[in-house]
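Input: structures, listed below.
Same chain, two partners: subunit A is paired with subunit B first, then with subunit C.
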Partner chain A sequence: MEDKVISKADFSSMVDRLIQEGEYDSIEGVKTKDGKYFFGSLTNSGELCLDYDVTLLPPKKYFLPQRETVITFRQGERPAPEPVAEASSVVLIGVHPYDLKAMELCEAVYSAPPADPNLMIRKSKTVVIGVDCLNPNPQSFSASMGFATTESGYDLMLTDIGDSYVVSVGTDRGADLLARYGRAADATATNLARRDEVREMSLGRYEKSLSMPADEIPAILNETWDSRVFAEKSEVCLSCGSCVMVCPTCVCFDVEDTVALSLDSGERYRKWDSCMLTDFAKVATGENFREDRESRFRHRMHRKGKYLLERYDKPGCVGCGRCGLACLVDIALPADTYNLLKEAS
Partner chain B sequence: MKPKVAFFDFTSCEGCQLEVLNFEQEVLQLLNLLEIVNFRELMTERSDDYDIAIIDGAISTDADVARIKEIRERASILITIGACSSLGGVNCLKNAYPMEEVLSVVYGDAAGYYNTIPARPVSAVVPVDYALPQCPVNKAEFLEVVKALLLGKKPEIPNYPVCAECKMAENACVFDLGRTCLGPVTRAGCNALCVTWGRHCWGCRGLVDDPNVDAATDVLKEHGLTAEDIVNKFRIYTAWTGGSE
Partner chain C sequence: MEMHLTPQASIHLPRLAELVRAEDITRVERVYEFKLADGAELGHRPGQFVEVSLFGIGEAPISISSSPTKRGTFEIAVRAVGNVTNALQKLEVGSTVGIRGPFGNGFPVEEFKNKDLLIVAGGIGLFPVRSLINFVRDNRAHVNRLIIVFGCRRPEERLFCDELATWSQCEQTEFLETVDTCDESWTGNVGVVTSLFPKIDIDAEDTYAVVVGPPVMYRFVVNECLKKGIPEDQIVLSLERRMKCGVGKCGHCQMDGSYVCQDGPVYTYSVLKQMKEAI
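Our next item is the complex of A and B:
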């Protein structure tokens, strides 16, 4: 679709107008706290940081919240379970390409039969404005995964070219939003040349990379099931689950019921779960299929590099680096393990 | 018939009983479901006829040992609330010193009139059905356990580290802010309360079942703590290492 250009001042006005006019239930964007970044509700455009490196949690939380009610019920002869699928309208501003690719994977997972309506409803009510990542965090290897930039997954995509943003229009919905709220002009050949140049420059800023083409990862994993790399790395694993909780492509949840104190009604909710936690693969008899750290660690590496790709034809890791930043013992980054396995094989 | 519930306190600051008394919203509904027959902070009547015993405080005298054994015999379900009864808690800090010294520090010349033994969790003396650590007890978790028992369900107490909840709360990790934390080995269930409110985890919910203490110790060392600092940090809530019944 077409490419536009908007000055930074005009983009700020556009954000302020979106906030003020109230057409959408909320305007969410990247903000800062404790020197870190996170997606949160914007009250004015001044809070928005678009030159960030990475957010603590991925924007996945808007589509798959940490905890969400899925059914309400009444106790008694007729429990009358009611499915719950609510969504408000959101404009989400500042999503990096790797997170957009990760959302495409989540969508593929949740729309496969039996389809899960909750994520899809939220997705349909969210206008996504992406931004190219020009300052990757020190653990990011998304360039190696081919996700330094993306051609899909957004309604609008911004690239910071200095005083202004080039705006790539991804959907009619994006074009419509820009036309109604922003003062954008058609991008010139110079604007587009500058966009290609800043994108190219960003590629040199990745400190982590794969030592092989990404599509070789499944084959390497196939050959190295018994490799000592898994045991050696996982010895210091804290089984804390942080690497999974921060991951934009992790889709697992646990389901629990809770009742009101009156004991006559209640809800079933789901909350994020993590395959790195000790009891994740424990079943009703008390059997635990992945009892030791090594088998959990190996499982996660296979899940990120192979299982999801084989099932959904999309990589299970987008190289965002969050797991590497979160892991206190520095073992979680898939690229590090794949490189070691490659070396050993 | 409503189940009869009795509360008993042992060596503690009574913070946990006060926390339970703070259930303003829920107390009336709870009384529809349960009959409270013994609660020193709340009432003067006493009864020895109860189904569920709820204990706060650590065991730290010979008399405590006899009393908790008697309670265990009468109760069909015994629940410990708070770090003191569930883990031994801060009371166990005294265990590092000879008991005579502890007595004379606390009671001076009157030390001879008192008895004390190394402090221990209730589970070190009698079997405990459900332990709800945290200092003070977590009200939401307590209510979930009460509801589960009334419905005949098995209450779920998390067996994973605080870090998992801390990430879900989207906190910046305090290790990245130049401080240290026991979250990586501490049992979750508090939603990383202290980190969310700007501090760090002290470990008041005790260790997870299979903590990687060696790896956590290395992390603390890398972030500037000495071996002694680390021992002291772990000792606050988890000094008791004598196992359970």
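Our next item is the complex of A and C:
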């Protein structure tokens, strides 16, 4: 699709107009507090931070909320269960390429038959404006995964070229939003050359990388199941689950019921769960199929590097580095483990 | 403004079913017969399972224990071990539960056609294979020999005693049984389930073995089957894993790259052998 250019001032006006006109239920974007970045609701364009390294939680929360009601029911003789999907129309601004790739994986998982309508409804009601990541966080290796930039997963994609953004239009919906709210011109050859240049420069800023092409990871994992690397790395694991809670491609959940105080109705909800927690694979008779830290650690590395890829044809890790930043004992980053396995194999 | 949508086909939405009969099997196990509220057949294959919902308490994956040849209603047999399964025990006839499924692949019944079938069940492993046994008994021409081997720990833990008696008396069914330990009142075989294997004479190439029981049983029984010469892809096992969704989303049941809820719970030994987390 076509490429446009918009000045930073005009983009800010576009965001303000989106907020003021109220066509969408909310305008969400990257904000900052205490030097950390996070996705939250925007009340004016001044709050939006487009030059950031990584957000604490990924934008996955807009599609797969941390806790969501999936059915409601009445207590007693006639339970009358009803499906529930809460969704509002959103413009989501400032998503990095790796998070867009991660959303594509989430969508592949949840749209595989039988499809989960909740994620699909939210996806359809969200206009996504991406932004290229020019200053990656110190744990990011998304360039090695091939996700420093992306050609898909967005309605509009911004690249900061100084006093303006090049806007790559990904969908008709994006083109329409830009036409109605923004004052964009056609990008010139100079604009595009500058975009390529800043993208190229960003590649030199990744501190972490894979020591092999990403597509070799499954083969390396196949050969190293019994490698001591898993035991050695996981020895200090706290089984805290933080690496999973911050991950944009982690999609597992637990399901629980609650009953209202009045005892006449209740709801069933699902909430994020973590395969790094001790009881994730424990069955009622007491058998735990991944009882020790090593087997859970190995499982996570295989799921990220192999299982999801083989099942959905999309990598289970996009290299965002969040797990590496979150892990108190510095063992969670898949690239570190894959590199060690490569060395050992 | 949050929209409260009613999605067309939530993966979490159960159908309603009425409990039409419940009977104790032992002190901790009970059989339940359900009828779907919309009058439909469950439409399962032997070896599949359902997610049983008690609203306000939760869901549990439970094998369908009745044969698909039983029309109008279906049965599950449940050991009370936790929240859902204990609450189920207190449920009165006429109560409504939720049912999702049937889920999973089930036993490869088509492949058993004109073969000999050796079914080995340990303890409550009998619950899922009972569906297969009664299916085959109702379609007796489907397989040649039907050999059933059942083992449990003590005589008091024997399950579906009436049906065990029927199978042992039926001329077209070969039935062997053992208990691990007992007092003098037990006159049958004593020993673990593999102790019966020397008594079984089979044409291994033409035999499918179906093995369901506690995890510890698998290694020993598979070994015996292999020793008898049953080909690896004719040894069929059903596995238990933690399950929350039943539809390949929640990740709990994952074993290597496989989702037991969708790709299983039934696997051949030749497939399981390739997996690191299987048995």
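Following the convention adopted for this analysis, the second predicted complex is superposed on the first by the 345 of 345 C-alpha atoms of A that agree within 3 Å, B and C clash if a C-alpha of one lies under 4 Å from a C-alpha of the other, contacts with A are read in each partner's own complex, and residues count from 1 in each chain.
Going forward, contacts are C-beta pairs under 8 Å (C-beta built on N, C-alpha and C of every residue); 3 or more make two chains touch, one makes a residue touch a chain.
Treat the numbers as computed from the prediction; the structure is a model and nothing was measured.
Undergrad: Which partner does A:328 reach: the first (subunit B), the second (subunit C), both, or neither?
TA: A:328: touches subunit B, not subunit C.
Undergrad: Does subunit B (first) or subunit C (second) touch A:212, or do both, or does neither?
TA: After superposition on chain A, A:212 lies in contact with neither partner.
Undergrad: Could you tell me if A:71 is touching subunit B, subunit C, both of them or neither one (first, second, both, neither)?
TA: second
Undergrad: Who wins on subunit A residues touched, subunit B or subunit C?
TA: Touching more residues of subunit A than the other partner does is C.
Undergrad: Based on the superposed arrangement, let me know which partner A:259 touches: subunit B (first), subunit C (second), both, or neither?
TA: In the superposition, A:259 touches subunit B and subunit C alike.
Undergrad: Touching A:245, do we find subunit B (first), subunit C (second), both, or neither?
TA: first
Undergrad: Quick check for you: in the superposed arrangement, does A:83 touch first (subunit B), second (subunit C), both or neither?
TA: Only subunit C is touched by A:83; subunit B is not.
Undergrad: So which bits of subunit A does subunit B touch that subunit C touches too?
TA: Looking at subunit A, the two contact sets intersect at 256, 258-259.
Undergrad: State the interface residues of subunit B toward subunit A in the complex, per the touch definition above.
TA: Against subunit A, the touching part of subunit B is residues 26, 29-30, 32-33, 143-144, 147, 150-151, 156, 159-161, 163-164, 166-168, 170-173, 175-177, 183-185, 208-210, 212, 214-216, 218-219.
Undergrad: Per the contact definition, I'd like the list of subunit A residues that touch subunit B in the complex.
TA: The touching residues are 33-36, 38, 56-57, 61, 66, 235-242, 245-246, 256, 258-259, 261-263, 271-272, 274, 277-279, 293, 326, 328-329.
Undergrad: In their complex, what parts of subunit A are in touch with subunit C?
TA: Touch list, subunit A to subunit C: 25, 70-71, 73-75, 77-79, 81-88, 109-110, 112, 114-118, 121, 225, 251-259, 266, 268, 270, 273, 275, 280-285, 287, 289-290, 295, 299, 302-303, 306-307, 310-311.
Undergrad: Please output the residues of subunit C touching subunit A within their complex, sorted ascending.
TA: 1-14, 16, 53, 55-60, 81-82, 85, 95-96, 98, 214-215, 240-242, 244-245, 247-252, 254-257, 276-277
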